[in-house]
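These are the structures, in structure tokens.
Same chain, two partners: chain A is paired with chain B first, then with chain C.
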Partner chain A sequence: MIIVEDVHYSYDGIYTALRGASLQIEKGERVAIMGTNGAGKTTLIKHMNGLLRPQVGRVIVDGVDAKFLSIAELSRTVGLVWQNPDHQLFLDSVKKEIEFGLKNLGFTPEAAEEQCVKTLQNLGLEGFAERSPFALSGGERKRVALATVLATEPQVLALDEPTIGQDAHQKELLARMLMDLNERGRTVIVVTHDVEFVIENFPRTIAMAEGRIVADGSTAAVLSNDDVLERCSLTPPQLTVAARALHRLFPQVSERLSLLSELEDVVSEILGGMT
Partner chain B sequence: MSFLEVFQYTRQASLVHDLDPRSKMILAFTLAFISLLFLNIIPLIIILMTMIPLLVAAKSLQRWARSMKGMSYLLLFIVIFNTLLSTVSNPFSHSIALAIRLLALMTSFSIFFLTVHPDQLAQSLIQMRVRFEFAFAMSMAMRYVPTLGQEAYAIMDAQKARGVELDKGNILKRIRNIVPIIVPLIIVSIRRALSVAESMESRGFGASGNRTYMELLRFRRRDWAVMFVSLIVLIGSIYIRFFVPLPSWMLFQLPF
Partner chain C sequence: MALVEFADFSFKYLGADFLALRKVSASVNEGEYVVITGPSGCGKTTLCRAINGLVPHFHRGYIAGNVYVDGQNTREATVAQLASKVGLVFQNPANQLVTLNVEKEIAFGPENLGVEPQEVRKRVEDIIDLLNLEHLREKHPHEMSGGEQQRLAMAATLALKPKVLVADEPTSNLDPKSAELILGIIAELNKRNGMTVLLVEHRLDLVAKDASRVLLMDRGQIVADGPPRDILPMDISMEIGVGIPKATQVYRRLQAKGIELGRVPLTGEELAILVGEVHRL
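Now for the complex of A and B:
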């Protein structure tokens, strides 16, 4: 469980990225953090593994105040997957890259190797073990970066913009994998602008703007709130747009639909057995 | 790394910012050259002191002081190592003089870099008949220094999250810890260089041989004055250094 209490953070005392953010994420949740560029999303997740320390307020991870734990210790609990994979890859094979983090966090060489094989299998990267990360495509490098974090099996996985540069198929695989991890009790936090990805996979959404949390609740509720969408410059999900269009024509249709199956039901109801 | 701030352009309105970059270049070289002429504590302090009013005129004294504070560790290091390893008769005195000389050299160039925008630098090089491609490459290199700095911080964060403990361990371990930082930094820079080159080409870089410029630098009377004074001071200092025996108080040395 992660508790963030009234955290303020400003870079160099000039640019204020967080102006009092509070939230609580329970073990086993799937949460999306959305918001404008510069809303403080990345700054917020950097507080969860100690890369940034709150200037005001506090962060509690699994009941312990994060200020008593080092980044390395926190990283065993909260794994951060970065937006740009090139910021972390530096070894000459994917296998070494994955084992590097494991060894740093105290795995024995044998355990690291075992863990590495397992992770590569899970991510469909079996053939990549001996390849150089630098010779891979952008999307592949992103998956390798993800693998380096997944291999350490953190209790909480926080991903920064994981869907950028991934095709539909990869996105689908990513979503399935995150679901799978979540079913095994892992908490999944994702920072993204990808509305459709969130609506399909994340039951809870936290919307941020200007360093504050402006909405925190069920994804369906947050993403159908025009005020929030406007403040966080998000495009309304297609499902919401469709529901509103239908609502204008057929007032009996609810303006809020959160699942594709609901839309199908509504349409077949309107068509009244014509299908 | 905060001492590098003193080489970073700051947008301000000041007397020094207003000067032509070419006259400032001559000023900076003169100051640097004079600092290299002398190796006694008193003359070097005098040289350093003459730069203070220039920094005040550039409204940058505070920034300079902050950077120098950041550099104090490096200076301390230089003084200690020189004192221990030097073979001259008064090693401590000599090391202090060297440290002041380094300060003076940095300060003279910082007066230039603090007040000259990279574009202005490129423009002045072009007007000094340097080929446009070279001048452009140079201003681009300067333009990317802060970007590279940000990138370095992002990389450090990424590696720290993987359990690299940058500020722990003995000196060997710390040196080895540089590898996970430096390799991605180089790779990212190369990738960016390639993409910048592609985007420049796709926007027609180098398509026309004959370039014209919207803004041309012009020497004004005060630029001539700065240049004139600089040259007089330069010639005077060279003369003093080689033909005038310095009074004994100027040659003062610490006893050890």
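Now for the complex of A and C:
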């Protein structure tokens, strides 16, 4: 469990990135953090693995105040994948990159290799093992950075914008892998602007603006609250826009629909029997 | 004459064992808005780099065929010459920010192209206003969030007043409202000023409605090329994993059930309008 209590943080003493953020994330949850650019989302998750330390307030990880834990200790519990993969990758082959973290955690070379192969497969990166991360495309590099952390299967996974540069197919693979880890008890936290990715995969959403948390609840409730959307620079997903527009024409259509199959069904019903 | 023309162009990065682009032929006319899409690693970024000359002048490698920009062969032009026509917004904004504040960053490009100081100052103010950057004026680019950096990179590129804007996933780090703002400005510059746009994007929900044309790429080749309403409902778009607008996906699913909407919707509103029309019939 992660508890963040009234955390404040400023990088330069002038501009305040976090102005009193509080939240609690239980073991095994899937939580999305969304909101305006510069709202403090990345700053918030960097507090969870000790990369940043609160200037005011505290962070408690599994019952222990994080100030008593080193980054090395914290990152065994909380694995963080950075927004920009170039800040994370530094070795000359994908395989070395992935095995580096595993070996640091005490995996034997054989176990590390096995885990590496499995992770590459899960992320659609078969055949990339010997390639240099720096010769890969932006989207591929992003997936390698993800792989380095996913391979270690930390108790809590915190991913900063994992869907950037990913095509529809890759996004599905990523979602499947996160679901699988989650089913095996891992907590999954993502920072993302990808509304559809959140609706499809994350039951809880925390919305932020200007260094504060302005909404925390079920994804459906948070993302259908116009006031929250406005304050957090979010837009409703295309299917919700469609549902709202349909509702104006056909009052029986719920404005809250947000899944493809729901829209398909409701339109089929309206136009039912037509060929 | 085409403004950007790829003639049987192939490219392989130095040390790579496969072609990033394979015999690509396509031409883009002045005033077009072309969305380039396709699976990650398919060559979209390489295509962008080939337009402003970073391929082959900065990223070296094997090259065959030619790319012409405004009639000039990019093999013979310098990156500096091409920069006066082509503005490239990189995929990773941090790779293109070079100065210590917003005003200097925006002024940097025009100054280097020899634009008069007074005109540079005007452009800086206009762009800060246009892209809503006032609150970032005093912030150091490397202390900005990913999204803020991306907006600044776009500002610095638009300040060049490029004939062709090439943007590689320019809104990937932006919150949805900021993405809408930036894409709205690009569409406006395309419509009103005739700026030619080539834009790489996975999330076609956001851009298909603005585009006159979609280039679908897969494994270094262009596999489909045409208006979005023709290309996006095609099976191939589904198969290679393009982020087809949800409204278009609903259209496809209904079609499979024998329900015809008549036209292809690209947005949620369009979908609702079409359903309303068909219902009234």
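The rule is short, and it goes like this: the second predicted complex is superposed on the first by the 247 of 275 C-alpha atoms of A that agree within 3 Å, B and C clash if a C-alpha of one lies under 4 Å from a C-alpha of the other, contacts with A are read in each partner's own complex, and residues count from 1 in each chain.
Assume contacts are C-beta pairs under 8 Å (C-beta built on N, C-alpha and C of every residue); 3 or more make two chains touch, one makes a residue touch a chain.
Quick caveat, the model's predicted, so the values are computed rather than measured.
Visitor: Looking at the superposed three-chain arrangement on chain A, would you call chain B and chain C a clash or a fit?
Guide: clash
Visitor: After superposition on the shared chain, which partner residues are touched by A:75: those of chain B (first), chain C (second), both, or neither?
Guide: In the superposed model, A:75 contacts chain B only, not chain C.
Visitor: Please indicate which partner A:51 is in contact with in the superposed arrangement: first for chain B, second for chain C, both, or neither.
Guide: Only chain B; A:51 stays clear of chain C.
Visitor: Output check: A:99 vs chain B and chain C. Expected answer is one of first, second, both, neither. What do you get?
Guide: neither
Visitor: I'd like to know which partner A:148 touches here: chain B for first, chain C for second, both or neither.
Guide: So A:148 only meets chain B here.
Visitor: Looking at A:134, would you say it contacts chain B, chain C, both, or neither? Reply first, second, both or neither.
Guide: In the superposed model, A:134 contacts chain B only, not chain C.
Visitor: Counting touched residues of chain A, say whether chain B or chain C comes out ahead.
Guide: Of chain B and chain C, C contacts more residues of chain A.
Visitor: Using the superposition on chain A described above, determine whether A:84 touches chain B (first), chain C (second), both, or neither.
Guide: Both partners, chain B and chain C.
Visitor: Between chain B (first) and chain C (second), which, if any, makes contact with A:29: first, second, both or neither?
Guide: Once the two structures are laid over each other on A, A:29 reaches no partner at all.
Visitor: So which positions on chain A get touched by both chain B and chain C?
Guide: Residues 84, 86 of chain A touch both chain B and chain C.
Visitor: Which part of chain A faces chain B closely enough to touch in the complex?
Guide: The touching residues are 46, 49, 51, 70-72, 75, 79-80, 82, 84, 86-90, 100-101, 104-105, 134, 148-149.
Visitor: Report the residues of chain C in contact with chain A in the complex, numbered from low to high.
Guide: 13, 15-16, 38-41, 45, 91-92, 94, 139-140, 143-148, 151, 168-169, 172-180, 202-203, 205, 240-247, 249-250, 253-254, 257-259, 267-269, 271-273, 275-276, 278-279
Visitor: Applying the document's contact rule, which stretches of chain A touch chain C when the two form their complex?
Guide: Per the touch definition, chain A meets chain C at residues 11-12, 15, 34-39, 42, 83-84, 86, 135-140, 143, 161, 164-171, 193-196, 232-235, 237-246, 248-250, 260, 263-264, 267-268, 270-271, 274-275.
Visitor: List the residues on chain B that touch chain A in their complex, please.
Guide: The contact residues of chain B facing chain A are 151, 154-155, 157-165, 179-180, 183-184, 187-188, 191.
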